[in-house]
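In what follows, chain A forms one complex with chain B and a second complex with chain C.
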Partner chain A sequence: MISLDRASLRYGPILGLSPTTFELPEGGGITGLLGPNGAGKSSLLQLLSGLLPPSGGEVRVFGGAPFRNPAVLSRLGLVPEGDRLPAGLRADRWLRMMGELSGLSGPGLKAAVARALATVGMADRAHLTFARMSKGMRQRIRLAQALLHEPQLLILDEPFNGLDPEARLTLMALLRDLAARGTRILVSSHILGEIAQLTDRILLLFRGRLLAEGSVTEIRQLLDRHPVELRLTGEAQALARWAVEQPELAALRMEDGAVVLSVRSPRDILPRLQKAAAEGGIPLRALDPLDLNLDAVFQYLTKDHA
Partner chain B sequence: MPIYAPTLPPAPDLGHGQPPALVLARFDLARLWRQKIGRFFGFAFLFLLLWKVARIYVDHLLQTNQTFRPMQDFAKTILTQGADFQADLLNPASYLLWFLVALVGGGLVARDTLYRVRPLMYAHPVAPRDYLLAKLGFASALPFAILLPFALLPWLMSLILAGASGPVWVTAPLRLLPAMAISSALMGTLAAGASSMAATPRAGIGWVLGLVLGSATLASMIQGLTGFSAVQAINPVLLAETWPQLFVGVDHPLMGWGPALLGTVFHLGLWTFVAAKRTMPSEAVI
Partner chain C sequence: MNAASPSPLATIRATARGYAPRVLQGRGWVLAALVMAPVGLSVLIFTIGRMRGLDANPGEALRIFHEGLVKMMLPIMALVAAPAGIREDLEQRTLPLLLVRPAPAWALPLGKGLPWFAWGAAWLILGALGLQMVGGDPALLPGRILALVGAWWGELALMTLVGLLFKRGTLWGALYFFLWEPLVRIFPPFLQRLTFTHHVESLAGSRAAQVGAHQLLAQEQVTTHPALALLALLAFGALCWALAGWKLQRTPVGLAGAEAEG
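== the complex of A and B ==
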């Protein structure tokens, strides 16, 4: 569906995105585009949504270059960052215009607007002007405009910015539902928790470079320089005695009623740990991986490339 | 009971709508229609149009009614006649028209800049040239549509009342319509170009008025210093007034065909270039 082959983007002398190569397959699913401010997320989204041509390399979406390509653009939907919409304008009128720009007309347009509004839960409030809408409502209308022509690829740039927790959860549920119905969704964010709640498939960007691609677990396993931290809760002395005999152990730290192990190759040590606990060889009450989450992966990768 | 294979809902039927430029221009027109400003200017121009038409009728009365015969000579001294009269049909309070173009055209592109709508549009099958065409087209079509009844209604009234001997020439529309097209294109292009430089609609209005009045002042200053009257060709207000006069054969005291053509081409080229540069996809980044 999406393939980048050494695609880069320059803004004059400034490099927005270094030569980047990756592919996203056909079919539904959510991919998180993660990175701090200035990492190149918006540059990548501009390339994918056909707003700018690549300065080098090749970008292909649905098999074609998206820049000024109606065949590609009619199959993707974009929800840009921000919630500014013409204040005095009614949402339904604006949606009709955006639908017409997608090539819809007549009864098809009317049905598409009604369907998109129902999908985002705004069917009964579409007659309001944008000035009378909350931020969450405006964001849902922005999403509705991207859904009018039922795109196969939906691109959202920082869609959760400024939303309250309830609106955030509603939008996440909506995106999950769309993904389950076969839409490929690409969501950018600089907030790890948002992406972690939504998906475990990520593209990690930092300073204009693609650092990693895949699931959080897959990426974590590639980080050999940073052993995985496991907290074993139970009788700390006995757990520590067992741990020091393991060849994968890199470091050990005692805590109150627990021991924290830094281990290489957790796939090798975990089966032995399970077996020992099951046979009663070690007094283990709980096992918590401390850094198998998105925050840890992000921190390790960005520190390594800083 | 037969078992049917699962089917997906049909994909939306795309590609049968109107061209994007037309959709955008129609949207701007609908927005203008809903605004109070449209009603105010509608009444103002309707009043001026009625005045023009009334003048045709008065002229007819002076020519045909014996009661008014003694006033005929006096009327000729205070009312424009001949070619001047034809050109005057298209000058319905020139500054009022410029003001309307500034109020409406100033926000055309600036509003989309303020609300960051262009990235959304360009992420649809809308090319930058479609966007530019819509904005330039709407901004130019607006003064043209306002001037159109000023060219046609008095002509029609004159034909009905007095036939070929009426005060409005039978061939007047053939001369006035091209002049209107040029003047309207000049107004619309300048407004869209100025609007593209602004970040808010109000700033856009300021840009249009500033450019119009600034160019007029600059031209007058240079003419005053150098005595070179053709420099008035940089004054868009004067240019818009000059074209009807040139087409109906009035000898303009300041500007001939050459300077008028050069000045118009300069303005059209400059403001189209500015608008094109300022509405490129790279200016619409998300």
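== the complex of A and C ==
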């Protein structure tokens, strides 16, 4: 569905995206595009959505170069960053125009507008002008315009920015539903928690470079030299005595009623820990992995490349 | 669903219809006022003069037409309306929403400009009709209407193109209208034909007839057949719309909205 072959993007002398190579297969599912501000997320999305041609390399979406290519653009939908919409227009009429620009007409157009509005929960407020809508409502309309022609690939650039928690959860549920129905979704964010709630599959960008690709777990496995931190709660002294005998232990620190271990190869040590706890060999009450999450992966990777 | 790509005509029609409500907002009424203010004021003065027993001056309508509408208000209308066309989407960063559609991008500037052209043309026709009340020659009315509408078509298209070519398009447009155009009186024949004023005068009758010889500068005034002048205005406008479309079609416009500038 998507393939980049050493695709890069320059803004004059500034490198927006270093030569990047990756592929996303056909089919539904959500892929998170993660990175801090200025990492190159929007640059990558602009390449994929055909707004900008690559400065070097090749971008192919549905087998074609997307820049000003109707055959590709008719199969993708884009929700750009921000909440800007043309001033002074009514949502339903504007959506009708966007549908026509997507090649829809007649009863099909009317049905598509109604369906998109219903999908984003705006059917009863579509007669409002954009100026009279809240930010959350405008974001839903922006999503609706991208869904009009039922795209196979939906690209969202920082869609959660500025949304209140409820609107955020609603949008996440909507994206999950779309993905379950076969739409491939590529969503960018600089907030790790958002992506972690949506998907396990991520592309990690930093300073215009694709640092990693895969699930959080897969990426974590690439980071052998970064020990995983585990907090063992129980009798700290006894737990520490057991821990120092383990070959995977890299570091240890004591806390009140707990011990925090830095271990390499957690897959090796965890079964032994579970077994020892089950047999009563160690006084373990709770086990919490401290950094086996997206934030930790992000921190490690960006620290290495800073 | 993935419908087929819309044709250029469908794109222009959809865009024009979609953005038509914009002309009924503040900017649209400014356009209306730009036409009706000089015409309305002269009608008022004429009415008061008539009540005092003064006769209409047949040259008055010609003066308002040339000095008020053509020289002053038409360029200002173009400077006001053009930024509300495709340039507005570029500046407000809503252009990507249009460009990510399978519709031909080159048709968008014309589609967005047409509602403004139609709105402005309607008021210009009304203004030309209003000039009849202050003693305008009925025989010159069709020529005045064609001249105003033709010049409006060309000037709006020119400003749309300049707005896509330059970041400070309005400034360049103002320089053209208020520095270049007035030079028509001293231009040699070839350069006279490169002004809107020349073609407007060819269509609507020349103000030069009302000006003493000592006020005209060195060069001889040339004339163009009215039909050719109208054709020149329409063709120039069409060329500018086409170039604006070509510029948009080939220029990458990203989410930052700055890539197409300059």
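Following the convention adopted for this analysis, the second predicted complex is superposed on the first by the 306 of 306 C-alpha atoms of A that agree within 3 Å, B and C clash if a C-alpha of one lies under 4 Å from a C-alpha of the other, contacts with A are read in each partner's own complex, and residues count from 1 in each chain.
Criterion: contacts are C-beta pairs under 8 Å (C-beta built on N, C-alpha and C of every residue); 3 or more make two chains touch, one makes a residue touch a chain.
Given the structure is predicted, the values throughout are model-derived calculations rather than measurements.
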Fit or clash - chain C, chain B, common chain A: clash
Partner chain(s) touched by A:M98 [first = chain B, second = chain C, both, neither]: both
Chain B versus chain C as contact partner of A:M137, first or second or both or neither: neither
Superposition-derived comparison: chain B or chain C, residues of chain A touched: C
Chain B versus chain C as contact partner of A:I30, first or second or both or neither: neither
Which of chain B and chain C A:A112 touches, first, second, both or neither: both
Partner chain(s) touched by A:L163 [first = chain B, second = chain C, both, neither]: neither
Touched partner set for A:L85, first chain B, second chain C, both or neither: both
On chain A, positions contacted by chain B and by chain C: 42, 45-46, 49-52, 68, 70, 73-74, 76-78, 80-82, 84-86, 89, 93, 97-98, 100-105, 108, 112, 145, 149-150, 157
Chain A - residues contacting chain B, complex: 42, 45-46, 49-52, 68, 70, 73-74, 76-78, 80-82, 84-86, 89, 93, 97-98, 100-106, 108-109, 112, 145, 148-150, 157
Complex interface listing, chain A residues touching chain C: 11, 42, 45-46, 49-53, 67-68, 70-71, 73-78, 80-82, 84-90, 93-94, 96-98, 100-105, 108, 112, 142, 145, 149-152, 157
Chain A-touching residues of chain C, taken from the complex the two chains share: 1-6, 10-11, 13-15, 17-19, 21-22, 25, 88-89, 92-94, 96-105, 249, 252-255, 259
Partner chain A, residues of chain B touching it in the complex: 11-18, 20, 23-24, 27, 30-31, 111, 114-117, 119-127, 281-282, 284-286
